[in-house]
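To start, I am sharing the structure in question, which I have written as structure tokens.
Chains here go by letter, A, B, C and D, matching the order in which they are written, and residues are numbered from 1 within each.
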Amino acid sequence: MLIMRHELLLIAITVILLLVEIFLPADKKHSIITPAILLMAVVLILGFIPGPTGILFGGMYQTTALIVMLKNILNIGAFIVMVQSADWLRKPENKEKISEYYILLLSTLIGMQYMVSSGDFLMFYLGLELATIPLAALAAFERFKEKSAEAGVKLIFSSALSSGILLYGLSMVYGTTGTLYFAEVGPAFTGTPLQVLGFIFFFAGMAFKISLVPFHLWTADVYEGAPVNISSYLSVVSKGAAAFILTILLYTVFSKIALMWSNVLYIIIILTITLGNLFAIRQQNLKRFLAFSSIAQAGFILLGIIGQSQYGMATVIYFVLVYIFSNLGAFGVVSIISNRTGCETINDYDGLYRTNPRLAMTMMLSLFSLAGIPPVAGFFGKFFLFAAAANHGLYILVLIAIINTIISLYYYLLVIKAMFLNRSDRPIPKFKSDFYTSLGLILCLTGIFAIGIFSLVFEVINGLSFGLY
Amino acid sequence: MFEGVPIHWFLVLSTLMFFIGIYGFLVRKNLITMLMSIELILNSVCINFVAFNKILYPGHLEGMFFTLFIIAVAAAEASVAIAIIINIYRRLVNIDVEKMDEMKY
Amino acid sequence: MSFLLLFIVIPVLTVIGIFFSRTHMQVKWTAVVGMSCQLIMAGLLIYFFLAARAAGNTAEILFSQDMVWYKNLNIHFFIGVDGVSVAMIGLTSIVIFAGIFASWDVTDLPREFFTSLILLSAGVFGFFISLDLFTLFLFYEIAVIPMYLLIGIWGSGPRHYSAMKLTLMLMGGSALIMLGLLGLYFNSAPNGGPLTFNLIQISKVAIPMPAQRFFFPFLFVGFGVLGALFPFHTWSPDGHASAPTAVSMLHAGVLMKLGGYGCYRVAVFLLPGAAHEMAWIFLILTTIGVIYGAFGAIWQKDLKYINAYSSVSHCALVLFAVLMMNQTAMNGAIMQMISHGIMTALFFALIGMIYGRTHTRYINEMGGLMKVMPFLGVAYVIGGLASLGLPGFSGFVAEMTIFVGSFQHNDVFHRVCTIIAASSIVVTAVYILRVVGILLMGKIRNPEFNHIIDAKWFDRISVVTLILGITAIGMAPLWLSDMINNGLVPVMQRILLAGPIIH
Amino acid sequence: MIDFSYTIWILLIPLIVFVVTGLTGNRFKPIVTGIIGTAGLGVVFLLSVITAYKFFFVLDKVGGAFQRLLAFNHTWLHLTDKLHIDIGVLLDPISVMMLIVISTVSFMVHIYSLGYMKGEKGFARFFSILSLFSFSMLGLVIATNIFQMYIFWELVGVSSFLLIGFYYEKDSAVAASKKAFIVTRFADLGFLIGILLLSYTTGTFDFITLTGPNSPAFTSGQGIMFLGMSTMTWSMLFVFMGGAGKSAMFPLHIWLPDAMEGPTPVSALIHAATMVVAGVYLVARMFPIFHHEQSALEIVAWVGGFTSLFAAVIACTQYDIKRVLAYSTMSQIGYMMLALGVSGYGGEDGLGYMASMFHLFTHAFFKALLFLGAGAIIHAVHSNYMNEMGGLRKYLPITHATFLIACLAISGIPPFAGFFSKDEILVAAFHHNKALFAMEYLVAGMTAFYMFRLYFNVFWGQEQHYHHTPHEAPVTMTIPLIILAIGSTFAGFIPFTKLVTSDSLPFESHTEWGIAIPSILIALAGIGIATMLYMKKSDTSKKIATALGGFYTAAYGKFYIDQVYLFITKKILFNYVSRPVAWFDRHIVDGTMNQFAYVTNVVSDRIKGFQSGQLQQYALVFISGVIALALLFIYLWTN
């Protein structure tokens, strides 16, 4: 029972919120925000309490110390998103949908956690869908915005297609191995043509989730249309979860054809990083901008996977952790500014530093972290990823990736230029950010700094991860 | 029934359905029909699972269960999709997929 | 706890102090206090170092301290100094001290300005004291990044363009370095044992030749970009021209030295075999750079451009000397770094002050300034003479050491390179005298210049500090060169082990 | 054994004076600085005299030869394990002789300047730089090693630069100073290369080792041939290039005439008596090696000879009195070089060497005298052009008298100093090379001619109308004139053969009247012609000038060497090297870097259609992605 405590806790608070939703009078809805966040905080903290690990349902569900940690990381991300979205939920048009928002969000989180700790493709599929479908609803959350609806459509349709293809792949895997349990598929997966075909379909589905080129096209549009906090949630938590499970699967189930998938990754990494950057360069809308940058970041994540070692997996997890904080920091600033002023393009940010120095500073640090500039954590994350790939001898790949970091630095600097260098005749007015917003940003900043400086985090992760060999 | 029907037939059928679905998804402009083509894809998957399970691995029922779950999930998916489509319809009074390119580049 | 840590701690504390100080004056004075501490610290460091050496402490690295940071990558926080780094630290502290005073009249966002400036210096200090390649690289980037804001916000001219260009090119360089460092790391234990970033440990092992051949160009070019290696120097003119005074000072004075130091300390020291093989390629480039920068400077109209090009020439001489790979030349390289650092800082300070008074940097719009600003005028002449390598100033010592050193190669190629490089002293004389002639001498062209006031007290402090630096080294170079030599010993041993004997 | 270590103060005092006056320059009244400077030089003068006395007459000889001793030596910088730069004091006959020359002339000039520069703004600056110069020049002559010499060589150059550009608001002065510095700098590059070659081959900078009886220079660096000359020869030639630059030998002479833009005392001190002979001194210093490399020595001789003739010709045509003197200086230095060039080594063979030093010595006196006299004249009439002067002899009696003495001395009329030294040179030349000897006869005549042309034009002829009646210079200026006049009268009787010889072994000298008398006659002839042409104003000179035609104009235009240089520097270097380099840097190198950014942007703009916003297109890409992966796998599969 305690083995799946994370999911149970989440389900518990979801149910609680549902009940509250039912019994709460319509004019008091917004008072649900604080208790919701508190509950989530409790869950988060409880999640860190060490507990038993093991297998349930005859292997369909499994947890290990590693998976528990992954779940905690996801919890952190979700928690920060919840904190950040408080400001947005207070807006009048969202008043009566607050608890829906939380319920949907939490259910996706539950889905992800099941996906991460699945021991069987069925469980995995359920988790995946549970993590995806509510997100479409969330993306279309702002009913009165055409963009939001469009985002919803694009998300649900493309995700449906991708999951269809993924399932087709799974069916082939099943057909060739005769089982769906990871533990049994692994040995049986010797790489016959049909299996490989199945793997390709499966991989395409996963690539869709972590938006790798060429399966990324939905990303930018959905991020732009969806509410900012949803975009940030999509970009960090769901992407993170997908990356985790993909790593685990590649390292366990598909380890027999490691040579082949590493070759594929090689090409996909180059494509993803380069195209992501090239598109990001010319974006004006910050959400779109961050969407493309997040695509490029996904490419970097793969660098760790291709490392194929325990160290490689550790760097992936570590980088996702860093990336959660950095990206949420950036998105947090974008979201509050877009909530207060509706400004979302880079030009609107001209001279931001002179009116709102704190926000601009947070933004800059987050962007530096994304670009991998010391002393913030992003530097360490990137460096370790490159080290992981170099460890495997892929120096050329690393070189390409590093050159791409320069391009990425260029467009991150464009934003910084707008905030610090440019002057504007009508800059974004000075405004005071409320408790939750500042809390969220402070969390991100502490994360950005602490994770890099204190090597403990990485060592713990490295201790728990495992590699191919 | 289906005794002695070789597995290839099922596979051919499912493959056909799969690609028909994909084709439909790519060419039909109406969101609802696109949704239907997705259902086609999912059903082809179901056929696969069932066929594999029934013919290759009659021992246990994983394939069957998977099929059931797929059907359920597909229903949920469809419901959400349709909800969103309705919303779209409210916004811009048609549901032509090509009209939804406000966000691009 | 090694007291070297203070070199990083003091700037950080200063930044915190600046953060909490209210008025502009407080900000400035906090900066002054902090950087004076740095200066004093540097003085003490030199004293302790020489004392320790005199006391017969022959350890390769002094005041070292080693803390494990990332256990499973074997990344340490390993700091320590040898003669060379002590010299570089001295240089840095002088320049930053003068820089604070030179930027006394920054009015726009002074808090942020001094913060970034001091962060930059912190990065530089960290770079010079760290002996672990990882931290070395980390501090390197810390030192480079603030340039963007410094140039972009407080710069002049096409500052956005220059800032972006400078940052991207330098970061491009650092990208190459990163790859090189990874290469070093994964080849740091060719015969078993844990991989390491530890510079000293790596310097003890023989890295396999193929790896050396592959990674040497990355490291050398990577650092060379910052060291204004031809043809990767083009960030320098624009960057310097657009940067505010103190930033130009720090950048040309110290930051460009990171490049030279890196080439010497990482590329050549750790990969001597490849260095021996490929030196000729880069020798050609640097020789071109030396003469090319000098000729480029002749034609410029903008004071800062002139100085930027002369920096290109002088820094190319540094790399040139490093590539000669014998004790004397390398010693000259280090001296040239220090001398050029102080000298060019002096130049940029003066240019800033002149600009602040005449509001133009185009020499043909000025003239006869010696009459109205004798102090700055004389200082400029002194700077110029130092830059064209006049005895009694540091430039002469450095250049002579380099030339004598590189002349120890008894083959035509090196001889020719040396002679070409040496001929730059004439060209340097040409452009320096041209500037001095047009700028300071002759009649005053613009009547408004008649009521220019000469240097203020803070200008004088910064100028005098730098001039003292130049002349001190120029008059009594022995202690410095001995200190450097002493630091060079292990480097030379490794180089000699690796390749053909050069005496 | 006498302790000479105090001689370092000869070096230190001017330095201290320079630093003090330089820092406190505008605190005190200018005159104070002047006094300090002069006093300092006075002390130096005394010290030098004492040193000379002790050295020549008290210090006991070793095997009849004057010793060469290191009065003081201190390591300044370690270069390689063998090479190290020292700063010290080397005492041997020539250095002591130079000490006397420099301190005397410098002292005189200081006193003179107290009067001449009175009321100039920058008086203080003038004196502090003057002591800087004295410091550098003294350091140069007492250098213990070639690198110390190079150091002070550079310092001399810069102080000359500063003094020529003293009137920094006059553009011509600025240009002249620049020219002087850059030309000499170019020569110094040669010197540096020479030093590098020499030090690499011999492994030492030290003069005593280098020029000692068994110097490594004689053994090493002989074999290697390049363009038919050994390394050692090449290094000597490079070294000589440096000397030629400082001593304004053809073709590096162009800076000297322009250098006359500086104040006249400066011309007297630097560009007549001391700095310009540094080149000669350098060759003399390295003489044993030069003598060992005969081909190099040959070149020295010819360059000297040609320059002397060349300069003499030009001198005959100039009107600016200072320029006339400048060219005569060149010509006289040419003599000295030639003398070294034709000299042998040791005993009687070393006659040329002795003669050269001798002439250097005497020349310092009368040329300084001439310049100071010219200064007095200019001071009186505020003009440099002799055709604006005339009949000044009644206004400036003392100047007139001293000037006349100087003219006689330089023309080599006995018993004045010039005669003896020049005679020795001619003898040496005669024994070595008849052609050069003839050339020098000619030059002797021309020297006499142009000097007296000058003399008559200034002091005789009919009076011009001056805007105020010329008046004799103040006493501070006349005293030096008189002292120097005495010097240039009697200096010739100093028995140089006993004191300064190539191997510092004294030998008996004897005037070869067979050569002396014709030279005197030639000189007289020159004077005679000058008298005829210029004593009374007549237009005969014009006629001759027109008769000579093109040659005259060419000579008047200094044979257009300046224009050639101007062409090379301005046209070639500036327009065809420097400008293209600047352009190349901006457009090619920088352009490429910008291209990267540009291309990136363009590409990112081109591919934007990829993201069309069409859901179905996304799906299409998705599917094709899957298919592409499949194909890729098949490819990987097959191999």
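Note that contacts are C-beta pairs under 8 Å (C-beta built on N, C-alpha and C of every residue); 3 or more make two chains touch, one makes a residue touch a chain.
Everything numeric here is computed off the predicted structure, so don't read it as measured data.
S.K.: Pick the chain whose C-alpha centre of mass, unweighted, sits closest to the average of all protein C-alpha coordinates shown.
M.R.: Checking distances from each chain centre to the full centroid gives C.
S.K.: Tell me which chain's centre, taken as the mean of its C-alpha atoms, is farthest from subunit C.
M.R.: Looking at centroid distances, B is the chain farthest away.
S.K.: Once you count every C-beta pair in contact for both, which comes out on top, C-D or A-C?
M.R.: Spelling it out, more C-beta pairs touch across C-D than across the other pair.
S.K.: Hey, how far is the Cα centre of subunit C from the one of subunit D, in Å?
M.R.: Whole-Å distance between the two chain centres: 37.
S.K.: When the centre of a chain is set as the mean of its C-alpha atoms, what distance in Å lies between subunit A and subunit C?
M.R.: Whole-Å distance between the two chain centres: 43.
S.K.: Roughly how many whole angstrom separate the Cα centroids of subunit B and subunit D?
M.R.: Measuring from centre to centre gives 98 Å for this pair.
S.K.: Please report how many Å separate the Cα centroid of subunit B from that of subunit C, as a whole number.
M.R.: Here subunit B and subunit C have centroids separated by 66 Å.
S.K.: Quick check: what residues of subunit C touch more than one other chain, meaning two or more?
M.R.: 168
S.K.: Could you pull out the residues of subunit D that touch at least 2 other chains?
M.R.: Counting only residues that touch two or more other chains, subunit D contributes 597, 608, 611, 613, 615, 619.
S.K.: Got the subunit B residues that touch at least 2 other chains?
M.R.: Only 22, 25, 34, 97, 100, 102-105 qualify.
S.K.: If you go through all the chains, which pairs of them touch?
M.R.: Between chains, contact exists in these pairs: A-B, A-C, A-D, B-D, C-D.
S.K.: Within the complex, which stretch of subunit D touches subunit A?
M.R.: Contact set of subunit D toward subunit A: 597, 600-601, 603-605, 607-608, 610-611, 613, 615, 617-619, 621-622, 624-626, 628-630, 632-633, 636-637.
S.K.: Once bound in the complex, which stretches of subunit C touch subunit A?
M.R.: Going by the criterion above, the answer is residues 69-73, 75, 134, 138-139, 141-142, 145, 148-149, 152-153, 159-160, 163-164, 167-168, 171-172, 175-176, 178-179, 182-183, 185-186, 214.
S.K.: Would you mind writing out the residues of subunit B in touch with subunit A in their complex?
M.R.: 14, 18, 21-22, 25, 31, 34-35, 38, 41-42, 44-45, 48-49, 52-53, 56-57, 62-63, 65-66, 69-70, 73, 76-77, 80-81, 83-85, 87-88, 91-92, 97, 100, 102-105
S.K.: Quick one: in the complex, what on subunit C touches subunit D?
M.R.: So the residues of subunit C touching subunit D come out as 165, 168-169, 231, 233-235, 237-238, 292, 295-296, 298-300, 309, 327-328, 368, 370-371, 374, 385, 388, 390-392, 396-397, 400-401, 403-405, 407-408, 410, 418-419, 422-423, 425-426, 429-430, 433-434, 437, 440-443, 477-478, 481-482, 485, 503.
S.K.: Along subunit A, where are the residues that touch subunit C in the complex?
M.R.: For subunit A paired with subunit C, touching residues are 311, 368, 373-375, 379, 383-384, 386-387, 390-391, 395, 398-399, 402-403, 405-406, 409-410, 413, 416-417, 420-421, 455, 458-459, 462.
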